[in-house]
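The same chain A turns up in both complexes below, where it pairs with chain B and then with chain C.
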Partner chain A sequence: MAESKPAFDFQAIWDSRLILLKGFGIAMFSASAAIVLAIVLGLIISLMRLSRVKPLQYFAFCYTQLFRGVPLYVLIIWVYFGLAIVANVNIPKIPAGILTLALLNSGYLSETFRSGILAVPSGQREAGEALGLKRREITRFIVLPQAFRIVVPPTGNQFVDAIKDSAILSIIGVPELMRMAQQQANVLYRPFEFYTVAGLLYLLAVLIVSKFLTRLEQKLAGYSKSTKKVKPFEMVQDTTGSEVVA
Partner chain B sequence: MGTYNFNWHVVQDNLPQLMHGLVITLQISAVGMFLAILFGLFLATMRLSQYKAMSSISYGVTQVSRSIPLFVLLFWVYYGLSLKFGIKFSEFQAGAVALGITGGAYMAEILRGGIMAVDPGQQEAALAIGLTRFKASQLVVLPQAIKIVIPQAVNVYVGLLKGATIVSVIGVADMIYVAQYVSLQTFRPFELYSFAGIVFISLTLSIAGFAWLLEKKLSHGRVNG
Partner chain C sequence: MSKNSINTEVENSASPIANRRNFIKGAGVALGATALSSFASPAQAVTAPTVNRAANATGSGSILDKIISTKKIRFGVDLTFAPLQFKTAAGVPTGYIVDLAKRLAASLGATPEWVEIPFGSLFAGQAAGKFDMSGIAATIKPERAQVVLFSGAPAFVESNVVLLAPSSTIRSLAALNSSRVTIAVVVGSSQEAAAALLYPKAKLKRLENQAALADVAAGRSQAMIVGEFEVAGAIKANKKLKVLKVAPVFVDENSFFMPAGDYDMKNYVDTWLRYETSHNTLAGLWDKYVGNDARKLGLQSVSVKSSWT
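For the complex of A and B:
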């Protein structure tokens, strides 16, 4: 096959470093903007789900199910092409990508926030009532600050997912890392090198974010009564709570 | 702003092709899940091994394959590996392998959690009555771990099913690919993608609901929970 060419040509990568880094920046920006938007949306939806007004509850339930059930590929095409066709709304690529990621993640985050809010002991709310605070004040000043600490680890995991999912934005032409890697791989005919480096950059981003999250959790755990440490990567709760000695 | 005239006949007329695409999606996600279970079992066994080096390697591989986006893996396997090492994957095979790598990392963690959740006394008892380590795992620990693992494994499958929608980018003729192809001919992308979306939402939600029921049912007979 390609015997005459050197086995691994990382010179091509080095020459394209600025393009790749720019793509990396756009990917990180998209994921960050999306998660901020998703936190706002998710919080609103979770409060709606917990409200006493039935129609709000139903709306929030359907919202959550919709965005947790739909594949990202379909959602992004809906937002970018569908809205343009049906509602005549033309959203530029990057905002469309951010909006899509935000909608998808807000579905998951609303469930996270809901369980976080429910995890705050009801005595806290009752104590607030006993002090004569209004319902809104109790939520704002008593429940949410305590729920915040509970939801930090799962929200961080959602951010990690958003970073990984941002690669799919290349489908609609967002010039993020994967799109740039694809473009350079096609031009320079070095797919293995480019996709490897793209993978490594995503890996790096995910590892840095996870490291930072572990720090943040440790810091937050210092303030809270519960000393239970939740690692960002540990999806599986060890039900025995005992470590197997290897 | 003119109102858009929906034309759902497009979906009706192309239903057989779309359904054929759905079958491909289900097939590729099933093969991907099978590979994920094998890979996950391999990683989990290594992770729980007595040898520190094995355990560390498994931990590293799990973290790496979990941190790299499926989309990148897909291109890496299909375009990267085939050109560099001459491994000729078909589109379907490449898609299944990429799904297997991603799913395997999740399955490894789930299997490890399941095995660790079985009371250590069970293994000790099995060893005490003279079973070998392998037999103890096979006959005593794994059957109990499976109960814990199945509902979570079903959730991983839901993830893979959703992930499998992107395999059309390397040319697997799944439902999204068919929707794309037909919409190029009919200029009705909205109806076709909406149909695909609705099918996927119903599928994923019903499977997730099934996992939830399974979890309730299986946790019934669990001794140590």
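For the complex of A and C:
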């Protein structure tokens, strides 16, 4: 009787490790490039939304609703195939994937940044005005630095989403982790092993990003683990044995 | 004065508020049109042949001229279907149809470039001009022929057979047509369309390829209809799977496709395929990659051969 293969054959994974790691690298690169572009776009859109110029406000509103409202699947089909068919704009697949992820995430980040800017107490702006600073200077030197601390955690969450969303770039053939896992699973007939490892690699990436963001948040909050915590009031005994407040 | 009458007055005047509303309406219409076009474009890519011709990689000229002048040919491929089209461990494209595509490129004095796109997006990719022509063969279906131009000569014929679950007691094709039988089929495939017509009483489970195989291996579906080329690999990975050793359920003709309307290229590919068929190139490659393994499993495997020999 022929010997059947074990239920889980991780030798196939080991043999495909370079292919999977290359896919992992492309997934991380795509998500990172997309989030950087999304931060820039999101900041511009949030400032347009807060602008006093009405057309800019309307444009920013429409932009946010469009890219938050259209599913990623549709957006990527539109950017990669639609633009080529309708406008003869032929974007290669990795840039198309990055652009799509950036557009989607910028829609969410623009709202994150807007709420972050609005969360800065109005007294800060008034103080700037009292010092004779111009509106642009107040935004640049007073509001944005404080808003930055507020928006770091939700921006980090958006980055985590972008990492996982990069899996959908496989539908236009971007050779990222999910596409590589799919390819190897189809060729070697080991879907459970390949998708499990792909899942673990995404989890690893998310854990690393989360750790980095926690540190960044701590740094921005002025927190240092090396700082000794001192109780505000400490009861000690004096030479007579009676307790006094030190 | 009612709220409505206020609105009417404001809208009738040319005030800034009215302009703002008009702007919002305009923006809404523009947004709607954009959203609609974003949803409609992929569908149009599949249904409107006129769009495809306009989006031909070379505009109005034939890709044949472009390939000959640039000495490069961009093939659209999905390299996840061993042994027809896949990559070696070193990442080199190979397989029955890939070897054929390489020979086609060589006959034109061109170097092949492989543009990898999942199979489901290949037709949209052709319409969008992402590649010159397919480097793999697809089943010649009338609805596909509305958006791309298939070669008139088959690159291979695909016998569709039945894989059975380990505990299955099915012994004939007729036994599949029962309400107690669940048949796994690949969603969107010709097998799905055929199973619905041939076995109307059976329950169909529409899944992705690997999920369908796993479903049968686990015994959740009693049978799966697959192309013969996939059987050897599936049984190698799941030795408990069985093949129903009867005549094929049906046979599909598969061939290369190119931009709709490019009859110069089609004429070349037709001629080249007929020539290679008559010289038994297709039959030799088929046996190397598919036929020999399929016949070892007791399957009928038919290669494309000249009818004159």
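Operating definition for what follows: the second predicted complex is superposed on the first by the 219 of 246 C-alpha atoms of A that agree within 3 Å, B and C clash if a C-alpha of one lies under 4 Å from a C-alpha of the other, contacts with A are read in each partner's own complex, and residues count from 1 in each chain.
By our rule, a contact is a pair of C-beta atoms (placed from the backbone, for glycine too) under 8 Å apart; a residue touches a chain by one contact, two chains touch by 3 or more.
Please read all numbers here as calculations on a predicted model, not as lab measurements.
By the document's definition of touching, of the two partners only chain B reaches A:Ile168; chain C does not. Contact with chain B, but none with chain C, is seen for A:Leu72 once the two complexes are overlaid on the shared chain. In the superposition on chain A, no contact is made by A:Glu137 with either chain B or chain C.
By the touch criterion defined above, A:Ala185 reaches both chain B and chain C. When the two structures are aligned on the shared chain, A:Tyr58 is found in touch with chain C, with no touch to chain B. Once the two structures are superposed, chain B and chain C can be ranked by residues of chain A touched, with B on top. In the superposition on chain A, A:Asp15 makes contact with chain C only, not with chain B.
Within the superposed three-chain model, A:Ile85 lies in touch with chain B and with chain C [touch as defined at top].
Shared contact residues of chain A, touching chain B in one structure and chain C in the other: 2, 65-66, 69-70, 74-75, 77-78, 81-82, 85-86, 88, 170-171, 182, 185, 191-192. Here chain C touches chain A in the complex through residues 20, 23-24, 27, 30-31, 34-35, 37-39, 41-42, 44-45, 51, 55, 78-82, 86-87, 89, 91, 115-118, 120-121, 124-125, 127-130, 209-211, 213-214, 233-234, 236-240, going by the rule given at the top. Those residues of chain B lying in contact with chain A across their complex are 1-2, 4, 48-50, 52, 55, 63-64, 66-73, 75-76, 79-81, 83-84, 86, 106, 109-110, 112-114, 116-117, 119-120, 148, 152, 162-163, 165-166, 168-169, 176, 189-190, 193-194, 196-197, 200-202, 204-205, 208, 224-225. Contact residues on chain A toward chain B in their complex (touch as defined above): 1-2, 7, 65-66, 68-75, 77-78, 81-82, 85-88, 160, 164-168, 170-171, 178, 181-182, 185, 191-192, 195-196, 198-199, 202-203, 206-207, 233-240, 242, 244, 246. Here chain A touches chain C in the complex through residues 2, 4-5, 15-16, 19, 54-55, 58-59, 62, 65-66, 69-70, 74-75, 77-78, 80-82, 84-86, 88, 90, 170-173, 175, 179, 182-183, 185-192, going by the rule given at the top.
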